[in-house]
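Each structure below appears as structure tokens.
Two complexes follow with subunit A in common, the first pairing it with subunit B and the second with subunit C.
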Partner chain A sequence: MSEDIGLWGVPLAILGGAIRVSTPFIFVSTGECLTERSGRINLGLEGTLVFGAMSGYAVAYHTGSPWLGTLAAAFAGLLFGLLHGVLCSLPRVNDIAIGIALMIFGTGLAFFFGKPYVQPVAPHLPAIPLGFWSPLPQVQAALNVNVLFLAGIALAFATAWMLKNTRIGLTIRVAGDSADAARALGIDVNRVRLWSTAAGGALAGIGGAYLSLYYPGSWNEGISSGQGLMAVALVIFARWNPVNCLYASLLFGGAGALGPALQSVGITSGYYLFYAAPYVLTLGFLVATSSRTRALPSAPGELSIIK
Partner chain B sequence: MSMQHAERTASAAVRAGFLSEATARRIETAILPLAALLAGMIAFSIFLAFLGKPPLDFYLLVYKAGFGTAFSWTNTLARAAPLLLAALCVALPARLGLVIIGGEGAIVLGGVAAGAVATLMPGLPGPAGILLMALAGALVGGLWIGGVGALRHLRGVNETIASLLMAYVAIALMNHLVEGLLRDPASLNKPSTAPLPAAWRIGEIPGLGVHWGLAVGILGCILSWVLIERTTWGFAARIVGGNLRAARIQGLPAGRLVIGFTALGGAFAGLAGMFEVAAVHGSANASLAAGYGYTGILIAFLARHNGLAIVPAAILLAGLEASSGLIQRRMALPDATVLVLEGMVFIAILLSDTFQDRLKFLSFLERRQK
Partner chain C sequence: MRVPALDPSPPQHAIAVETLGMTMRFGSFTALKDVSIRIPAGSFHVLLGENGAGKSTLVKCMMGFYKPTSGQMTVDGREVAVPDPRAAHDLGLGMVYQHFTLVPSLTAAENLVISRKDVPARIDWEKERADLAAFMTRMPFSVPLDVPVGRLAAGEKQKLELLKQLYLGRRFLILDEPTSVLTPAEADELLGMVRGLTTDGTLTCLMISHKFREVTAFADEVSVLRRGEHVGGGKVADLSTAEMAAMMIGEKELVRPAARLAVNGKPVMTVSGAKAADRSGLKTIEIGDLKVKSGEIVGLAGISGNGQMELMEILSGQRPLMEGAIKVCGLPFHATRSEARQFNVRYLPEEPLRNACAPKMSVAENIFFRDFDFAGGKPKFWLNGRRMAELAARLVGEYKVKTASLATPIAALSGGNVQRAVLSRELNGAVDLLLIANPCFGLDFSAVAEIRTRIMAARNAGAAVLLISEDLDEILELSDRILVMSEGRIVFETPAAGADIGEIGKHMAGHH
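Then we have the complex of A and B:
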């Protein structure tokens, strides 16, 4: 049956879009949150995301298992994170600039090795049909929830808990708030930051695998258009709190779904402007939450972008 | 560096009758990027060798396609023109300590502005049209990147993230305008603005076969160098970049410098887009987003944000990118090969910062005196 639900399709499509589009944001921003809480910023996650998408797709294609693909993407992301962490451990090497270089390097490597995988079809990650109760196909489509989305929610809460309540979390926070205090406590600041960046990279890799293995669900060179970077900006907006990162990701997913949702009900004139909505929104949030005169509340003290 | 130290070094060098501190520094500043370039190329050679591709063939092809013949030089220099201007968009703000990576947005919108001028008043004579396009391109580019500087100064918004986000917005804006308001109904397959009147097209530098954008780009680099190294504004900018608090205490207008230098960089990038439209494509369309803004980042870092050093760096990268087609055909490598090499060189360049002031062989004279 195809009942016409008219304009109700728009909020429904935005809800569905928020669930589908937000997942990579959740993984990348939670990972970046971890990295930034340790006192470093990794702008290279855009490159990690793209490389994760490529490697995940390639491995899933060869092995037939999307989960192995996701694992491979996480491993690739881990390596990129380690590279960032090692390079930034050297004196006078700027973490923002290294991030830009890794953005170019990661994207380049992904395009280089990904050329043969543009055509083949890899198996997708499974989804759970939570909309089974509804007779409306639109509702069913909107509530078709991927497993990684649920894992991302759990991850955000677990990371927040870990940062607050565990010894590892405390170590990361001390390294991020005051390198001197951390050294006085006998903490190897560079090592803490190295592994925080590596973990952040691994999560970004998973976010990439979601892009190529579920939604949009194919590998091509335009798979990410700044999602990795937006996720980094989102961490600032979320005030370095993983649970806030989750909420912000959902908001961004909804904004990203605005264009296609309006298109589905026949509004096509400003397509490209709606396409720009998430970027404008990110920028708006950055402007609203930044301040010239006072340090941002709850920002890690060692973070170079707020100094 | 303290005055005492400088004096001690200077006298040591005078006694040794050899290197002065300034010369030693200058040599080091030149050697480090070259060594980093070489290291990046070696790392890339290893990468190629692992894939069973002969690295030597690769570099020979780059030389052949980028610099081997008069024709390849023409091609390389035509590509260098927008890269020079794009690199200035990174280098000028960098002297104030700002990392702007969204020059692509200013290039794209500068080109659209030029196309819009041609669409709105095609009746103007050639020289007036060209001047107006240049002004429009520079103005839009300057406002776009100057806006990033203003956000940084007034609201403390991180300029790196903001500029890249705005580059995505700029490309969406270009698509919106080129496929809507400014679209030439005759452009069917590739939505474009109306073709420029023939008299508005910018020609070639006589005897070189390269459009005038190259001359403007080189002039821009020289003027930027003079501005930074030889004027009080440049001096003030370097102080702001070195220590913002000290600059404020000195009463330097940090805000005006930040907005002014970012706007100037953006104006150069906007000019790059205008030349792409007026000298290369003949109308504004999606070809404007060709990635020049991103290559410009690497060029500026390779040149250590020095205007004069940008010229050879831009020509080198232009030659490399010009050789991409031949490399794809001859070596069966994907088009992203050049991007991988650029990434490796970029990492090596940043890594070389860690060796600044630590090259032992340059300070051996001083040490021997002690």
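Then we have the complex of A and C:
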């Protein structure tokens, strides 16, 4: 029986939630950030996430290695990204429509191949017990940090650095902001977008592997419940900045833990309202930072929703 | 035999370029017909021609954007193939476009560095910054390097475009109307610098221009295109402006600006105590008192980026007022559609394709926009296709809008024809107040003359006209009264008759 830490459990649960729930958001939104900075929107990441979860789980189950599972999920995501990129390179093809099609295709395909894996148990991804110094089991639970979470933090900063300090980064931003300018520089816009979408897909696949191989840690059809879509929205919320994507994911994860945390300390009224906290928070923040006279200043100029 | 560029690094001296029998057909339309032009190394060559004469097509063929139907090009006497712009760049050919090719969200420094061919995989910003600073000290002007280019004024962007080409070491430069967004002093500075580079043999320049003053002051040679054909040219020293103009327009007669009738009007529009945020959101636009009377053209001069465009946006309802009021005929005016209709207020904003058109809709639909739901004083529910076709056909004929058909998307028209189409829509019917911004930006001079005549005719018919323009010649030609705007305020006012240009220039430059 654990010690009762009273209301302290709420912020602790939020912290734990931020760490645990945010990881897939970090991966998917950073990947989508990369894709959108190149001038395309991939709404299909929900499908990629679910398929990544399924394929990662299946490969981890068969090989016994969760890392091989994660790799497989990334590869599956890469293929989905490539498919999106190739289809969108064709003339008169709309990236949003293709994204929705791939979202449905990805989830459908995952359910189809995933049926036999609902029962079996696959090995989990390891976690680092950063809460070892505390005698409190609640603290230990909250600070049990998965390796992918740390990788996600590094990824967000690395992506931001890459966009600013490397040739590839600048090329992606040029392609995303002005296709004409990119062509004038001799950049093959379609190729840049193809690989940006592929990389975004691979990251979303890893996000999926985290879902099925760590938290919640099993494969079933309701595993994502729209997290891929929310992550896409987070990119707009984060104003197309990978580091902001990280913060937004943490905020979103933490707010998502509010409902269960309050429930655990006995506050049960308005139960569903607390579950809506992340969405209310996002909406409130977007309204507060919006402007009637200014367009989103950091939006990539080539995005089909901006044009 | 076609010889590809053997040496991948651009040459270190000015290069000679020649086109031989360049022909370009788009379907059945011949945009360029057997054009041969020789541009010797180190010369400053000007390409003259009206809108749609094929100047852009020719330079796009040279730069590899289009694959010419037939014809060749030589660089330094050697025949070359230019399948794409990259090949042109490898040969040392560069172009400064009329539309900006800078990436808006990148800073000037990032724009310069990414445009280079040998960008390292990891960009060492400290080193690049030092290199750029060293490069800038050699240039006659500078631009802020750390601001996103989207926030620079048009003049600064144009300078950066030119700097970029020099930074890339291009030895043959095509300039597509490079001075259209610059003040006369900036233009002279820019062209003087290009001129200097050509005379000392580091650069060859081919400039597309409409301004004879620039041709006579800076160029060595001129080639004139008309309807896709090379109709003449030669040394600038041997040609008079009248001869060049005659070659450019052929048999056509120029429309003379209509005579100015004396009209003593009553105030139509009053702006008082108006305050609004500017585009950057950091400064405010403050218009204390602005009156426009019927039968007068008030010219509002100013250097690009001093709040004129924000004023136009305020007047057209695109920018909310923080304080103050606009009144038309003594009644408050908020630029709604019904108010504009009630008071006969018409708009001709700058960049009409962006601000006054639905680019992908047809010419007829765009012309019909003002009245599509309103006829004979009553609102209409159903769209009347026949009324639209009749109106559009009449106006397209009256205003000589060159379009393949009424169903053509308006974005497919050339700049001058979009401007004519919008003008035909706005000047149709009774006009009491006409608000205009840069109506002749980038148009050739016969289109310019025609549009100015239309504006003058509206004034003579009793309309109150506010003309916001960055072209001082235009302001001087048309206005009855001249205002100067600087840093968001109207800082000077003078009657146009007997106006002192030096005085106006001083106020435009911010010396009050």
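Just so we're on the same page, the second predicted complex is superposed on the first by the 290 of 307 C-alpha atoms of A that agree within 3 Å, B and C clash if a C-alpha of one lies under 4 Å from a C-alpha of the other, contacts with A are read in each partner's own complex, and residues count from 1 in each chain.
Keep in mind that, in the parts below, a residue touches a chain if its C-beta (ideal position, glycine included) is under 8 Å from a C-beta of that chain, and two chains touch if they have at least 3 such contacts.
No experiment lies behind these values; they were computed from the predicted model shown.
Student: Which partner chains sit in contact with A:L273 here, subunit B, subunit C, both or neither? Use first/second/both/neither.
Tutor: The first partner, subunit B, only.
Student: State whether subunit B or subunit C is in contact with more residues of subunit A in the superposed arrangement.
Tutor: Tallying touched residues of subunit A, the top partner is B.
Student: Does subunit B (first) or subunit C (second) touch A:L90, or do both, or does neither?
Tutor: First partner only, subunit B.
Student: Going by the contact rule set out at the top, does A:W133 touch subunit B (first), subunit C (second), both, or neither?
Tutor: neither
Student: With the two structures laid over each other on chain A, which partner does A:V232 touch: subunit B (first), subunit C (second), both, or neither?
Tutor: Only subunit B is touched by A:V232; subunit C is not.
Student: Looking at A:V287, would you say it contacts subunit B, subunit C, both, or neither? Reply first, second, both or neither.
Tutor: A:V287 sits against subunit B, while subunit C stays out of touch.
Student: Just to be sure I follow: which residues of subunit A are touched by subunit B in one complex and then by subunit C in the other one?
Tutor: Correct list for subunit A: 292-293.
Student: What does subunit B use to touch subunit A in their complex?
Tutor: 99, 101, 151, 153-158, 160-162, 164-166, 168-169, 172-173, 175-176, 179-180, 294, 297-298, 301, 333-344, 346-347, 349-351, 353-354, 356
Student: Using the touch rule from the top, collect the residues of subunit A that touch subunit B in their complex.
Tutor: Against subunit B, the touching part of subunit A is residues 43, 87, 90-94, 96-98, 100-102, 104-112, 115, 225-226, 229-230, 232-233, 236, 269-273, 275-276, 279-280, 282-283, 286-287, 290-293, 305.
Student: Would you pull the subunit C residues touching subunit A in the complex into a rising list?
Tutor: 84-86, 89, 97, 99, 101-106, 110, 113-115, 119-123, 125, 277, 281, 319-320
Student: Where on subunit A does subunit C make contact in their complex?
Tutor: Subunit A reaches subunit C through residues 165-168, 170-171, 173-174, 177-178, 180-186, 292-294, 298, 300-301.
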